[in-house]
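See the structures that follow.
The same subunit A turns up in both complexes below, where it pairs with subunit B and then with subunit C.
What follows is the complex of A and B.
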């Protein structure tokens, strides 16, 4: 009961902090940043705040964590105490420290993966839409072929072939996700490349890279940013499920997905500790989607 | 007129929202419409014509609200009745015809299905009766194949036919009032006549009252009994059509009437090597030839107007000159030397010499780039300007197009009016310091006062920099204002070419004659006389 109350108080506190920061931004900033601060809804401010906290925790993990990531510091499954704030895990490692390091690993990998997927997917997608013809056909059919295989099975297959280092994990999930991004970027860009300003730029003699970067991308950015948020959450879940299946982030590296699996037995004793990493994932997912919703609203043209 | 009053609007106020604030866009308009009467509402864009038109149906667009006044339609106060009651009126007793029929029809349903919807929903008639009625009305609207045209989809009929089908649809429940919102503005002159005549006849046949919204005075003069002039949400004046045309009272109305007085000074015949010369060009999309053996010259400091209705190959000619569409045969010479047919084979210097201004400034300017970037890019790319020099050049160009650099340089196109956007298109073309600018219907999306400003600006720039213009248009009034030479095109061929004086003096080619006689004149009897003359011939 007290736990539930503290969660609610914590969330309310975050909301209040977000509101306070927004008010401060409105007062302190000027120009373009000011106008963004003026129309940002409270949910998006909350989302940005949560993302900022996660980022700070991930970056400063060694300074924040009371113990090392892989160090066995106590007995297994110790209860919450002053020394181990969130108790210890299956082999006696400090839960809080692993949660903090988990932010670094899980969020870091998810971010790297999504960023890579977006850079590759959107550049190829915009290029395909701009060039058209055989290039578009070849790229699109390859992507279609990849997309016809269920994503999780395909990732499992590739990970089994290439091994499960962090690097291959990032590359494999990024490759699978890039196909979805490609599709979206191409569809969005197809509506843009027929505009007169693209023709005007072509008549000016601009190259493909300039057209993609300066003429198409700014106009395709809003749906892509929105998709980035959603994709980021899906990648999160993919990594967690791969970890859960034992093919994701290898132990003893801390990872929220495998932390849930490892300590799942505690749930049967009515202890909510194993759900904390799941809660961390949930909170970030919600936060990211708040920001995404805001971006979608801005992109829908209701606000300009 | 002592007929019964159908619609009475008193002190109508409408507010529009921008951000958090509400600003008044219609400031207390009174309007009285009798049964069977046609009222013309005119004014430039932003005058509130369409907003008033919609308010006559008790409707306010998203982001707008009716904040004051009364709207009484046949004894019913549209401001107090419920949405359900309004829906029962709309379509049945008040109908609406929008500017773009193509955008207003649902592309997924056949015309006749859309026709039958309103009568069936409003229980005016059953489906079969409605179909018979549709065919009857299609016939009265002089649509070809009235028996079968309704069974086509919107994309299978032409723009002018679609607009007539739309009008027939509005008539389906025999409403007491129809609101026409710029029904012919998007059509070319020859089609405009057909639609205008059909609308006028049908409204008279059924004795329907109508509000006819347009910015084209000559058009409204043909259809309306009375004309009301609006300016920024206020009424300027109202009078019977003839009286209004003969003796406008207010200065603003007089300025509307005088818009088309601008004309460029006669130029001596051009000589020397033409800037661009199109030689025997034949071009095709796929296997269909859209240009056949087209030839003409454009000289420095001269304007060549290329005239014709839609589909005549005007814009395709521009695409051949710019290299977007390599011709099947023939060539384009630039100062006597052949230009490579394909865009990608042309050098940057060749590209710089020919610039283009588009019809729709909305789609021709990247909405995410500031004016600094939009105008600066050609100067940066072709002339290698950077940093301060580039900024100075952009400011100079903004001054040339009469926009204040300090205010506008960091704005986005979305923050400008239609006329201002078109000026940016001009500045972007000028930034390349070209010898030829191709203007593709640059004024047809603008209302007359703004049009005149753009034409004067183009003319001043031409005199200042010795530019050559290729001016693509279907509007002969524009041709009269700015052209030195005229090329008339029909179905991909040049049917007549010569100097402006030759063109506007008889004898004409039959097609030129048709185009010339289709330009509406400021005379309420013009359409009647024209139709009689054509009917007799």
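What follows is the complex of A and C.
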């Protein structure tokens, strides 16, 4: 139970740090940045802080990790000690180092997948809304059909066909998620394409690509950014689940989902080490959700 | 109205079966090549193609597969040659049992929590429930599952693995599957609770609720007698959507608890690249998903007289 207490103290510390940073930002900044700092809720400040820490750990992984990602440095399942702060895993690799490299691999792959799904989904969605007619009908009906299969089941089907490597994983999840992004992008853009300024740009003789990039996208950005956060959470959880099932990112690459799977036997002995990677996943998703909640609230223009 | 919706659902299921079948056509080379690898001799390839019926044109194979599936014959597993219907048989029952068990826990809990949160909105209870729900949505299923194992199975209260055999009594089953069911419950409750709360709060601003308040009814009575019946349609919808979500949730949870269900079968089949089994299980999951969505639409039509008797 002492571990649970230290987790709670750690989270409280992060919250306090977030509050302090917010106060510093309110005092030190001016103009637009200051007005954002003034109305950011504590949960969102906490979320931003956590995301920043994850990004820093991912970038500085080789400098922070005491051992190499794939190096076998001890016996299997060693307990926590001064040398191996979080012990070792099933074949004697340092848990802490793998946890740190996991920030790079797991989060990096999830981010790349989300970005790909977003580029494909939103361009097709905006294009469908702009062009309308049969193109819109065909794309929308195809997406409807694909969306009537549960995402995880469809991903599993595609992974069976194309095999389970990291590249196919990224492409498959991106393809499945692009259908969801398409839906939203198209719905948002439909409200925009009927505006007079789109009509004016069309009369000026601008092409579809210019219209999407310069006229529609800037006006559709707010809901799309919030959706990016939500999508990232879904993709991140899906990839972790697949890795946990042994079908995603595979050892020796350090990945949080497969680390839980690899060391799960320890849990039956009451050791919480295998839960740490899962906790890392949970903390990042919570943080992103907090920020998204705040963004959605800002975009909706609601005030208390 | 309802007949049209059911017909649409059946049409959709047909399209989904086309997608699931058509996905195999995307294979580089064909199934036989895939199974035997690059080193296969032309003779063994031809023999396997004959055995799998790959020499027929795609529409014929689709028809054979679909008509077989409709009568419960999904062909044989590619990895061990056993009939797929035999593999699926008992497991389908287990998975349905787990999903229903989780639903019977999750639906009442989330309705009560959602109604209470709406009743005491902006109170400490409401805020705590909301923050808890947001956190629960963000947790991976296996995290929730292992926390429960650590907390409830380590102390010996509940078993961390599910061993079901034909002689297991109903009571034992309920006891043994409690942890998997509780995991699923925690995962879906959050979303259902938030939606129930939102649906009721939406209605609380309507004039007829204000009228009820002005004539001096108690807040509980206002919510239960006046708000809930009108909020039923969105609530039923979100319940059905989450039950559909349970279908994918069971995959991870079954693996954690070594539960002999369809999800476990599917994961094994994916790692063996046993496409015949994956197709069969995917079709069953997709059918259940579509059926639940259909049920949601039909029920919310029935609960709304304005939709039921459209002019």
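Methods note: the second predicted complex is superposed on the first by the 301 of 304 C-alpha atoms of A that agree within 3 Å, B and C clash if a C-alpha of one lies under 4 Å from a C-alpha of the other, contacts with A are read in each partner's own complex, and residues count from 1 in each chain.
Here is the rule we go by: contacts are C-beta pairs under 8 Å (C-beta built on N, C-alpha and C of every residue); 3 or more make two chains touch, one makes a residue touch a chain.
Note that this is a predicted model, so its numbers are computed, not measured.
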item: Which of subunit B and subunit C A:209 touches, first, second, both or neither; value: neither
item: Which superposed partner A:246 touches (first subunit B, second subunit C, both, neither); value: second
item: Touching partner for A:218 - first (subunit B), second (subunit C), both, neither; value: first
item: Contacts of A:200 with subunit B and subunit C, given as first, second, both or neither; value: first
item: Between subunit B and subunit C, more extensive residue contact with subunit A; value: C
item: Set of subunit A residues, in rising order, touched by both subunit B and subunit C; value: none
item: Interfacial residue positions of subunit B with respect to subunit A in the complex; value: 322-324, 343, 346, 348, 351, 355-356, 358, 360, 363-369, 373, 377-378, 381-382, 414, 428, 432
item: Of all residues in subunit A, those that touch subunit B in their complex; value: 195-197, 199-206, 214-215, 218-219, 221, 304
item: Of subunit C, residues touching subunit A in the complex; value: 12, 15-16, 19-20, 23-24, 26-27, 131, 134-135, 137-143, 146-147, 149-150, 153-154, 160, 244-245, 247-248, 251-252, 255-256, 266-267, 269-271, 273-275, 278-279, 281-282, 285-286, 289-290, 293
item: Touching residues (chain side subunit A, partner subunit C) in the complex; value: 43, 145-146, 148-154, 156-164, 233, 237, 240-241, 244-247, 257, 260, 264, 267-268, 270, 272, 274-275, 278-279, 281-282, 285-286, 288-290, 293
